[in-house]
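In this document, chain identifiers A, B, C, D, E and F correspond to the written order of the chains, with residue numbering beginning at 1 in each.
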Amino acid sequence: MAPPDYNYEHFNVTFPAQYVAQVEINRPKKLNAFFEPMWLNLGAIFRRLSHDPDVRVVILTAAGDRAFTAGLDVLAASEGDILAQNGASDIDGARKATMIRRHIQEFQDEISTIEKCEKPVIAVLHGVSYGLAIDMTLCCDIRICAKDTRFSVREVEIGLAADIGTLSRLPHANMPMSWVKDVCLTAREFNAEEALGVGFVSGVYDTKATALERALELGRVLASKSPVAVQSTKEVLNYSRDHTVADGLNYIKVWNASALQTKDVPDAMMASLQKRKATFSKL
Amino acid sequence: MAPPDYNYEHFNVTFPAQYVAQVEINRPKKLNAFFEPMWLNLGAIFRRLSHDPDVRVVILTAAGDRAFTAGLDVLAASEGDILAQNGASDIDGARKATMIRRHIQEFQDEISTIEKCEKPVIAVLHGVSYGLAIDMTLCCDIRICAKDTRFSVREVEIGLAADIGTLSRLPHANMPMSWVKDVCLTAREFNAEEALGVGFVSGVYDTKATALERALELGRVLASKSPVAVQSTKEVLNYSRDHTVADGLNYIKVWNASALQTKDVPDAMMASLQKRKATFSKL
Amino acid sequence: MAPPDYNYEHFNVTFPAQYVAQVEINRPKKLNAFFEPMWLNLGAIFRRLSHDPDVRVVILTAAGDRAFTAGLDVLAASEGDILAQNGASDIDGARKATMIRRHIQEFQDEISTIEKCEKPVIAVLHGVSYGLAIDMTLCCDIRICAKDTRFSVREVEIGLAADIGTLSRLPHANMPMSWVKDVCLTAREFNAEEALGVGFVSGVYDTKATALERALELGRVLASKSPVAVQSTKEVLNYSRDHTVADGLNYIKVWNASALQTKDVPDAMMASLQKRKATFSKL
Amino acid sequence: MAPPDYNYEHFNVTFPAQYVAQVEINRPKKLNAFFEPMWLNLGAIFRRLSHDPDVRVVILTAAGDRAFTAGLDVLAASEGDILAQNGASDIDGARKATMIRRHIQEFQDEISTIEKCEKPVIAVLHGVSYGLAIDMTLCCDIRICAKDTRFSVREVEIGLAADIGTLSRLPHANMPMSWVKDVCLTAREFNAEEALGVGFVSGVYDTKATALERALELGRVLASKSPVAVQSTKEVLNYSRDHTVADGLNYIKVWNASALQTKDVPDAMMASLQKRKATFSKL
Amino acid sequence: MAPPDYNYEHFNVTFPAQYVAQVEINRPKKLNAFFEPMWLNLGAIFRRLSHDPDVRVVILTAAGDRAFTAGLDVLAASEGDILAQNGASDIDGARKATMIRRHIQEFQDEISTIEKCEKPVIAVLHGVSYGLAIDMTLCCDIRICAKDTRFSVREVEIGLAADIGTLSRLPHANMPMSWVKDVCLTAREFNAEEALGVGFVSGVYDTKATALERALELGRVLASKSPVAVQSTKEVLNYSRDHTVADGLNYIKVWNASALQTKDVPDAMMASLQKRKATFSKL
Amino acid sequence: MAPPDYNYEHFNVTFPAQYVAQVEINRPKKLNAFFEPMWLNLGAIFRRLSHDPDVRVVILTAAGDRAFTAGLDVLAASEGDILAQNGASDIDGARKATMIRRHIQEFQDEISTIEKCEKPVIAVLHGVSYGLAIDMTLCCDIRICAKDTRFSVREVEIGLAADIGTLSRLPHANMPMSWVKDVCLTAREFNAEEALGVGFVSGVYDTKATALERALELGRVLASKSPVAVQSTKEVLNYSRDHTVADGLNYIKVWNASALQTKDVPDAMMASLQKRKATFSKL
């Protein structure tokens, strides 16, 4: 069966291994900076991947040597919604506020599709990784990077508080809050080593190529496991992050009430006893 | 007064120092793997320790050189509840779900007695520490380990999402989420050094023996402090983990409204001024 | 315009750079230990700083070489409220409890003004930093320290559970919980290196002087950014710490509906494009 | 300007008064029972109404004399997803569960568009109002009905717990829980008088026609007020329902920080002082 | 098969209809007042009923004409734990507090088994219904009563705030808070008519006998429905009471992912189409 | 000992019975409309009453025949903060937002002192009861009114969403949400009978005088009970309103761990057995 159609101008979606999809941001001439059609496309891609039975894990990468993404394309944006709203003198502050809220809501909804994707997502960062790079990869499950990555929660630099997820997700991603506040308030760059030290990434590799290789290897591992087990684990960890331990215990109980009715459990156990690799049905 | 009776086939409960209890998992020939009567016994032990006035701190360890615990005894389990439920073809999916929920609930309740124990619990891990080893020790307050410990959130390997507490407690134990997702989704092993680096354990020692020694020393320290102060601190930290800062501030206020009516405060202060050791009444 | 009047016996409030305020705890002969009038003054200072348009960032430091603060002045306290309440034999336990709750509430409210201050607060610790030192600096946004700092969550040592914020805020400051429990239950000292390793501080400097220098440099950076962006970032990170990701995303959306109606955004963008420094109106 | 295009086979969207939209469920021959394309259309309509500047209030009604809606078209459904999943013997219980979750999620998302619509929605019920009738109108802000309405939380009658919102919203709609449990557990009918007594509806009218008349009158009232004030009030009441009072107070504060920057406030005040009707810009 | 053994001195457990259990409090000479062994027994009974496959609904009643229950047996209690703790002069306030907390916890846990029972519970009140009568029946799903019932949240009358559930559950049982505060703060009696008016009960009957008859009729109705549907509905309503609407929607989705895999759905639908009564397997 | 000094221009504070304070809003010529100094005074009064040992219950009333309060003094306000902020053209929307937030925060804080007052507060409404009348009395524990009361959630009428508490507290005061939305969205008047029907008030009396008489009678009842019991009951009901049942059960347990250490319990029990009135120490 041919893979479904995932063609978009600024994204390359490929399938480097069985059950492994790779989404590559592809606007390298502009340092992969985003403008509105791009986040709409990104959302469309992840909504589809979420239910695609041929996909068990997704790798998020970016084209070119220089940047994962420089973030929002300020120039494009400056001609666009937000500033236009500021400039409009004929509507009052409450009405501007409504326009801004709708705009942010839509933008957030598209980026959050990465987190809502039922399959685990591995981010591979490199080069300039500013602003939206942080928003997006905080939606991913595992983050690794190349040694040359230059991270920045950039928004304060252009006069605003990050509103596409960084400030909401970072306090729950379990890096020390003193560090979180430092990088969010100063908008300063931090490098791969620092990112590894605080746990923003869980691996640093010499080059983008070796980081990608590692992601692919990791992807293959995840793709080889029971998709019921893997996707349940992602869902329950995300739920637990946002709930008390008591609520979390109850949730996994109710979740596993159906998930344990899978053939994957006896199949995985048998394979394990027999020291062979199990294969699992699509999900 | 003789210590109360804590005799169980697969657990040794001893009192290596005043006010210090040690619970040793004792099924070393089976790598201390658990089957149902064991978690029922474990729950019974911790419920009793929680109210035993001769106990102020508990150390959780395991017998033998090879394993803290290999987790669930899959073979025993495979003859047991969960798989039987999968096999039963005469009851429908909803009814199986009810059986599974009740089973998980009971299992969770027993393991959670460690967290609910009013006294602090120190876990000392060594060797194979898979699956239930993580569930159980995440209920403990302090985790240390021997250098040879091999940790793994093993459940994905056998086709299921961990449901006895790991996925509910790990996001709140403040290790970086990218690392949490990595080890939970891949089911890979991690060693003592890695565990220390992310803070899963707060100490690594050369051998099981030296780790035990350190735990005993720590246990003696905790046992020497005001039990009102120590147990209040455990309770309030656990409450705060699951509530907002505002709620936490209110809770300690209401809690201390009675806890501060203890003779331990003036006794401890006086002892501190006089550079001598205070003794505190039972609790 | 002259700076407003911030004169208090035990606090020096100075303005070492434009928009940068420094609050120095000033009772060095008593190791900067606190008694009731001091926390009332501290609260008054931070309430004023919060709305002072000439202030964009606050640095919290302490006078003398030996201590940031030794915590509560136990001797003063022992003549005071809490112990008097324990001693009073003519009122019953419930009425004592009410007195204690009111006392804790007032104390907490004053210390929490640091967290509620609309401007970011940078703590610079050195020397003895016990008890209240932890409560107070957990209310700060960024913590750095001198190499000689000796930290301790000291309260268990004097028979009580910390009730001015440490136990409520520490589980959400994203240090590993096993470490948090260790230092809170044992009341042991930890040094600057350990504090840096777990992320309690995000920087360690050779001396108090060099730490202060770094804080001032950091303060200047924060003061140079858009105050709308900086203060929004602090507020939203604090909100997000206490709410789910979904709630956090909604909050920043509603917050930015007004915050984005600032001239600071186009001004900052323009300055950024022109490689010059922007200046921003007061807030 | 002509109204935008809202044409759907099973819904009539009309504009009976300025700023007032009416959505009529239109499948009267089948008692307005729903099948999948209908809820997709309903969602599309409410998403559009939510942002349509010519709409300030929506009235939800149903065609024909006999029913608001009989709920899910069981026959259509029985050929459809849910039962098919039950019948499929070649996929295991966990995989069926995933299909069911996705199906429910989509269904819920479409119905919830009514609640998420930024404009207030008034439901006018009549005749048979079963199952989905309750799910849908619990998403509405105000419910009134004709005297002949026959309500029922019907789902238990066909072997399932209501999953499109009734069980989630009813406990927060502030009818006494003993009554809520009674009607949800027994699936019994209740009439207009009983619905009024417990507050499920806030008005009962002799006929469908008089109920509609009243809704239109109410709609005109809402349409005549400041849309900033009306839409803010809906949003903040919904937020407050799901949050603590402290959170609610903070939210309205942040919300009104932009909403109060509206010309509507001085315009409404001036009109009020001058005893005339104000007009407000589009939103 | 004979019904399992449910013999207790102060409780009669009978099975007046298929799948219907009746638990009768049986200490009429003492107005059914409770002392410690009684609540331990009550808990044991409801834990067993919760999993008993021959039970689908429970009716909670009390023996004798005069009282459902007068509440706590103050005389028995006054010789017992709580007051003894107050009297003990040799232990300090913090240690008394620990004893009190453990006592309340145990008491609450036993009474909460009624709420946690997987099957719906119908309370039938009559005569004196004081204190614990309110705590217990707020754990029930449906409350009805005889005309002669005299309700009272009695605890303030004897110097304490109700701590076995009334103050925790009443604000969520959806009676107007002004009324809730009135009856809780004054400890005044209210009668059946008032209870019906605010919705504390959903039915009032002339005598205890007719109320019981109605409960039995209601019990038969619930027993005739799909136990999967009925028990799922109870669980999800209780969950939703304590969570946001968004959380509730997610929960029913995950819950129904297994519950919809029941034969009860097609069976109930088929029976409904064929206008006959369905029968359902045990659960 | 003379009662403490409670003199304010627009409030009369009197003590009509032992332990009963009455706060009368006193600006009858302006229909008791509020301007800034009034809410600052109101807050000061309730902060003092909260800790005044001679006060066990507070009655909130208003002077004159025509109004409890007409709400915010729009004219005064129009010269004041909010509108000035709208008018100021030299500051941007973000800076205006900060001013508005601070203003609302202060206003809310003062009004919330009524809810935070440790003693129960009984509101007696009459005549025009608009806007702030609803905000304020939703902070009270019990609301009663005269037959002539004309209620209105007035804010929408002047172009804004109520931001001093009505929208945050009303959904949790347990009136049916369809009614809540109706009165909040339309800003229409409702009378005493309607208020009683939905439970906004728990009693309606012929005249202001008879309502006051009833409040005083109720006040005397509350003042005669154990203040420990009464104040604990208020606190725990307010806590429970904002938390889950499980959290509420835990809270009353911790609260009563000190509250039960009161002489009031044995004193009240003894008095009850001896059919005489107990007297209780100050609190």
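One rule holds in what follows: a residue touches a chain if its C-beta (ideal position, glycine included) is under 8 Å from a C-beta of that chain, and two chains touch if they have at least 3 such contacts.
From a predicted model like this one, the values you see are computed outputs, not experimental measurements.
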Same-interface partner of B-C, chosen from the options A-E, E-F or A-F, over half of the pairs matching
E-F
Let me have the rounded angstrom distance from the C-alpha centre of subunit D over to the C-alpha centre of subunit E, please.
33
For subunit B paired with subunit D, centre-to-centre distance based on mean C-alpha positions, whole Å:
48
Which residues of subunit B are in contact with two or more other chains?
86, 93, 96-98, 172, 174-175, 198, 228, 241, 246, 251, 254-255, 257-264
Can the chain contact pattern be summarised as a line, a ring, a star, a complete graph, or none of these (other)?
complete
Contacting residues of subunit D [partner subunit A, same complex]:
51, 91-98, 102, 118, 228, 231, 258-264, 281, 283
Contact footprint of subunit C on subunit E as seen in their complex:
86, 93, 96, 246
Which residues of subunit C touch subunit B once you look at their complex with the stated criterion?
74, 78, 82-83, 85-86, 93, 96-98, 100-101, 104-105, 108, 112, 115, 155-163, 165, 167-172, 174-182, 184-188, 198, 241-243
Within their complex, state which residues of subunit D touch subunit C.
251, 254-255, 257-258, 261
Show which residues of subunit E lie in contact with subunit D when the two form their complex.
120, 141-143, 172-175, 198-202, 218, 221-222, 225-226, 228-230, 232-234, 236-237, 240-241, 244-246, 248-249, 251-269, 272, 278, 280
